[in-house]
Amino acid sequence: MKFVRIISAPALHRLQTHYQIRMSVRLALLVTTIGAGLIIAGCDSSASIEEPNEMVLHHVLSAKIKGLDPGNMRDVYSIIVASQIFEPLYQYHFLKRPYELVPLLAEDMPQISDDLLTYTIRIKKGVYFQDDLCFSNSKGRELKAKDFVFSLKRIANIKYLSQNWSIFDNKIVGLDEFREYTKICNSEADVDYSRQVQGLTTPDDYTLIIRLKKSWPQLCTVLADIATAPVAKEAVDYYGKDIISHPVGTGPFRLNVWRRDSYIELVRSPSFRGEFYPSSGEPGDAEAGYLDDAGKPVPFADRVLWTIIEERQPAWLLFLQGKVDATVIPKDNFDEVMDGAGELTPAMKQHNIHLKTFNDPSTYWLGFNMLDPVLGKNKPLRSAISYAIDREKFIELFFNNRHPVAYGLIPPIMPSYNPEIKEKGYAKYDPEKAQELLKEAEKIHGGKLPTLKIALPGTSTWYRQFGQFLKRNLNAVGLEVETEYMDMPTYQEKVNTKSIQMFTSGSSATSPDAQDFLAMFYSRYNAPGPNKFNYSNPEFDELYEKAQVMLDSPEKHQLYRKMELIVLEDCPAAFLNHRVAYVLHHDWYKNYKPHAFAYGLSKYRRIDLVKRTAYKELLKTIK
Amino acid sequence: MSEYQQIIKTEPPKGTSLWKDGARSLRRRRLAMVCLGVIALYFLLAGFVYLAEFFDWRIGPIRWAEQAGQSYAPPSSKNIIGTDIFGQSVLRKTLYGAKISITVALCASLISIAIGVPLGAVAGYFRGFIDEIIVWIYSTLSSVPYILLILAFAVVLRDKTLFGHKLTGITAVYLAIGLTSWVGICRLIRGEVIKHKNREYVLAAISYGCNRRRIIFRHLLPNVSHLVIIDFSLRFVAFIHAEVILSFLGLGEAERPSWGAMINDARIELSRGVWWQMAAATAAIFFLSLALNIFGDALRDSLDPKLRIQ
Amino acid sequence: MTTYIISRLLYTIPIVFGVLLLTFVLFNLVGGDISVEIAGKDATQETIDEIREEYGLNKPLFFSLDSQFANHFKNALTFDFGRARDRELVINKIKRGIGPSLALTVPIFFGVVIISVSLSLVVAFVRGTIWDILAVVICVAGMSIPYLSFILFGQYFLAYKWGLFPVFFSPDLSLARNVALPVLIGITAGLGRNLRFFRTVMLDEMRNDYVRTAFAKGLKTRRVLFKHVLKNAMIPIITRVVSAIPFLFLGSLLLERFFGIPGLGYLMVEAIGSRDYFVISAMTYISALLFVVFNLITDICYSLVDPRISLE
Amino acid sequence: MNMSNNGTILSVKNLSTHFFTEEGVIKAVQDVSFSIKKGRTFALVGESGCGKSVTALSIMRLVPAPQGKIVGGEIFFEGRNLPALSENKMRQIRGKKIAMIFQEPQTSLNPVYTVGNQIAEVIRLHQKKSCKEAWADTVEMLRKVGIADPARRAHEYPHQMSGGMQQRIMIAMAVSCKPALLIADEPTTALDVTIQTQILDLLDDLQKQNGMSILLITHDLGIVAERAENVAVMYASRIVEVAETPRLLAEPLHPYTQGLLKSLPRLGFSEKRLQTISGNVPEPLHFPTGCKFHPRCPRGKIDKQCQTIEPVLREVQPGRCVACRHIGY
């Protein structure tokens, strides 16, 4: 299980699409002299005023991004931006569903040896890094196979402290030894990257051969992950620790301005090799206009702007003003946007605003620490808690009824999703049953149950109300609960050190393979590994190991469903909900087909400038 | 009548003792007495909630958790000031909140007085090295911006265990406030003690051989005690407001309804037009601190007109 | 004068030391180990150890030239605050935040001071009349409304409902427009307390004999207030005003958080949320320094307004 | 207006000033009448708290308010009834026509301005002179009041001067506009004896130069004896006796005056011990009924009527008034 990113619920809620916003950057700077008072004046030098027929995408990020160094990023927001600058070997097809991997920097899909251990990948010729000071005469040089090797070694380098190492831990021949070697180096710089790693070889500049210790079918999806995007050694050496703010990739856009707490501006990279809009998609795409640009060279946009606005409300207002191309619907404005029948309200239609919904590959739950003396041994107690939670009510109160209940742990979008899962009734709201089970539970516990603790990874109002909701539900069936609100760091620490009873969390898959979710119950991955539940079931483990080495296939999906049922039966967590993204966009925002796994899609977006100017007139008439 | 005449204030009447005086002129200020009444009401309410919880009387405030209507029901005859997201009665929450806020403010004040007064007295009386140290401590503390200091304390105190007792919610809050806000009163007392130290009555006490503890606590402190009262009355307000800010920053009480938490919720609610929860909490705080402010001033004017605490 | 300043500067040394000790104890001792959390999820123990080494968390706390405290001290004195959680240099964060913060706090500061001082004179002028009482009542009422409520209602009505101001910081507007509403709120919220304070100051001054003399000269009240009283009242005013200046650099936690103004206050809130001790302790240290410095300035100002005070 | 001729500059008729406090009404000045002749010095004597200063302040219309208020009587100055004047008119009189010096010079001077500045202020205010001229006059005034090296001293601050100097500054400030009447409220009480005479001499000189009248308020009969042509004795907010100084000193009529004189040490007269007035000054809030002096008066102690009927000030001999029912019957 590799790419599950634990994201706080609201964060994901925002993430469902990138907010987008129009921004003519005018950051006035302030000159103050305390004695004399102040003069507000000045206008930021980098202020780029939009030319009439320049095509600019206006996005919104709902959180600051941490850094733009693909080797060491885990937060979604950084990934969103970095994905426009860096490219991995493979990418998801923009239009095809079910989701399908296609080559990006690679010439074609890898040749896999019969023992599934050797991957031979041919790399596109004529791919150039973006022009940057770090190169001689600051022209971007051509991409070579060794760059991939370097990037992987870099992640292995312990001095680099990459958060992505766990992805490659004990997978590639010789890479772990390389990590061992780096331990004796004094600093990141001292590491000698020319050291051989048998598992990573480059017979020529355009061929990369990866040898695995054991079969690892997810390798392709890994190679589609931004973490494996090639980074130029020149840049790393040149910028040192500041590489996080000096991305040098091969992608269609390059970084122009990054004001950490207000905006990021990317511009089209002149050295981009050029790519083409897909000419085929799934049925219905043509009608939806997704194929209008078929075969045209991408990117369309000249610039991509992200404004960082952490509050939902202002972003929404900017969207209505036409300063943002697309947005999710803020919880509090839902009624203003949707009528009861799930249709857009007339007001929205009048604005020519379009609605897109899609299943988000995520699941949220109330998890139990199976090593906890009270909960671990007491299955009736756990299922009682699960039955005591009114998921419908939860979704109504907190998500305006727009998210589906999680009957199991695999999101509906996954091919291995089990259509009958609802009938199994694990997610039923049944207080009576819960109370019966509690009687049992007390027998097992031998006496009155102690007060249980729920940990929530936040102190905001949202979490407080969420916590209160759970508490009310459990109190209703006669369970004493105490909620503990802690900041994310504390929370993670407590979860990782297994010193927690119940915890609310969720995760979102980065590939269509549900293994992401199942791995969270594999006993070898106990905390601080992905298995935060510290759940352990030999039968499950066996199946997991079996499935792990299988290529994607119906049998594999059957296995997954079986494993899912085992988990639901043991109930190491009360699964609450999946998510459906409700995305609004203006009708000038073209080729906006939601995608659950891909981030680097800005290159496909196109702006209908005529319509956009028309909107300004429209607003006047409406007002 | 000349403006000059409007300005000069007639001296307070010569009275028998400081306290009798204060009491006398206080009683003459009708407004001050009204405020005192209001304050008393709040305290009674808080105390009442405590009792109710202790004896588990099933009356309004402590039944705040019950569902009293639809979620976000606007004010109506059923729920006079509406309900919150879970349909809990805002009125009950507000009443219950009195307990939290007053507990916080009270404990914080007591802590800061317990630390500040003795330190100030000792520093002022002994001077010399002890004084140096104490002054050093409080000038260090006071050179860190107050809000920052409280936050820092609150952050680190949160979820720590102290003497086997877990610092959750308000405990951490009032500890943080108390431990950081004793500086003012300490400085005040120190100054006064230095002034009084050479007054005749102290010299007299020394001359007939009182030991130091007795002099400080039996002779000096009573003569500066009114400062403590005044300081207390004015500080109390500040602490109630501090609780609001801390809850906003997620460092406050999360389990039970507190005014701070209620106002904090409004951030989400206002945009859907839910104003009543916020209004209720604001009003609750408003009247309490209004009363405290006015009463505090009256107290100061009658006990020590020259004093200027801000 | 110079000797005085020097001695005062010497006096600040123990204070600075104290502050450093305080931040160290708070964040390094009580705060607890943060390496686990920096390592991110699924981190192996070895990574964590590496991080502990990188951040020097495995060094002795005290009593060593290379102890954590010694380094804490060294870094502070060399203004090298290292990198924050998001691996950006703390000092850069602070530099970036200072502009917006000042843009917000300085107008508030001058607004409040100028308005409240002049109003306090007016009120003193009409002392005892209904206007005076009215003013006092309004002040106290203003003081009694929680700051948060000021912000929330202000944002709700002036921005959401009536759309007079931007609801939230948006970079496509001039900084001036962005801070307009926060400044307005800040001034309204701060006025009550200050006006009331300055009024007391003025009235206390007016009890002095020299005021009687001034009137006996046959001066107009305006002149008495502005020439004789005001200058004498300068001392408490200066104390309050100058010692408020360091806080300007801190920005306003609440206002910046609510209106998304990317200043130091916001920085603090975030740092607290993510337990970014590097940022918090750097900020604490810097603001303490400012505070000490401005205390010194306050004293110097005294000697300027009041001939009786000499700094020898 | 009849009073304004025959050389009278100020005449106070039945002046009453009360303070309305939370405790009750303090009758600080009751039914006080006297008049001051041009160029003469009129002394107002009495124990502290008997209402001398309030009388002075009433004339200046500087009675502390809102509590203090002139409730009755007239104050004729140059033919104008001061209580009836508008504030503006009054302001033109203050400092120009009537000037006042106070008991404590160190607090009565503004600490943050140079003395020169403070004096020049008056001159510029009332004589509409340019800064330059005003400054010149200031230095001149300082010299007049006997300050050495006035040009330099003018730039000094009050705290840099001795008490005596400060009082000289006050005087300079007061007489700088050649007022017709100078009210000196215990001008020397705060100073040591040697300085006292200097200051009083200074006042005399100035009086001779400017021909101004002085209302000298003091509790020191010694000073009165030397300096004042006429004197009024105040007790418990009333005037009990008015006379030319020599006659009053020679044969005091009112028992209180007699008591006062007895309690003075006199050169030449060797008495075993000074006599004192038994009892003490009544609290303004709880004045005794009848003659306010009766509890301390040998006659009053026994005389029922003294205890019930308040005697009024009557002219018992030409130019001599006493408020005692035992005198002149």
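Should a chain be cited, it is by its letter among A, B, C and D, assigned in written order, with residues numbered from 1 in that chain.
Just so we're on the same page, a residue touches a chain if its C-beta (ideal position, glycine included) is under 8 Å from a C-beta of that chain, and two chains touch if they have at least 3 such contacts.
All values reported here derive from a predicted model rather than from experimental measurement.
Overall, the chain located most centrally, as judged by its C-alpha mean against the mean of all protein C-alpha atoms, is C. Two chain pairs, B-C and C-D, are compared here, and B-C has more C-beta pairs in contact (counted per touch definition above). Chain centres here are means of the Cα atoms, and by that rule the chain farthest away from chain A is D. Remark: chain B and chain C have CA centroids separated by 22 Å (rounded to whole angstrom). In whole angstrom, the spacing between the mean C-alpha positions of chain B and chain D is 51.
Rounded to a whole number, the gap between the C-alpha centres of chain A and chain C is 39 angstrom. Residue positions of chain C touching 2 or more other chains, listed in rising order: 128, 160, 212, 215, 273, 275. The set of chain B residues touching two or more other chains comprises 2-4, 6, 8-9, 249-251, 264, 267, 271.
Within chain A, contacts with two or more other chains are made by residues 313, 459, 487, 490. Here chain C touches chain D in the complex through residues 128, 208-210, 212-220, 227-228, 231-232, 305-308, going by the rule given at the top. Chain A contributes residues 313, 330-333, 397, 458-462, 464-465, 467-469, 472, 475, 482-487, 490 to its touches with chain B in the complex. Those residues of chain C that touch chain B in the complex are listed here as 14-15, 18-19, 21-23, 26-27, 30-31, 124-125, 127-129, 140-141, 143-149, 152, 155-156, 160, 193, 197, 200-201, 203-204, 206-207, 211-212, 215, 221, 224, 236, 240, 246-247, 250, 253-254, 258, 268-269, 272-273, 275, 280, 283-284, 287-288, 291-292, 295.
Chain D contributes residues 60, 62, 66, 91-96, 99-100, 102, 104, 107-113, 121-122, 125-126, 157, 159, 170, 173 to its touches with chain C in the complex. Across the complex, chain A meets chain C through its residues 6, 21-30, 32, 34, 37-38, 40, 43, 64, 66-67, 74, 158-159, 161, 163, 165-166, 169, 183, 241, 244-245, 259-263, 307, 309-311, 313-314, 317-318, 323, 459, 487-490, 492-493, 496-497, 528-530.
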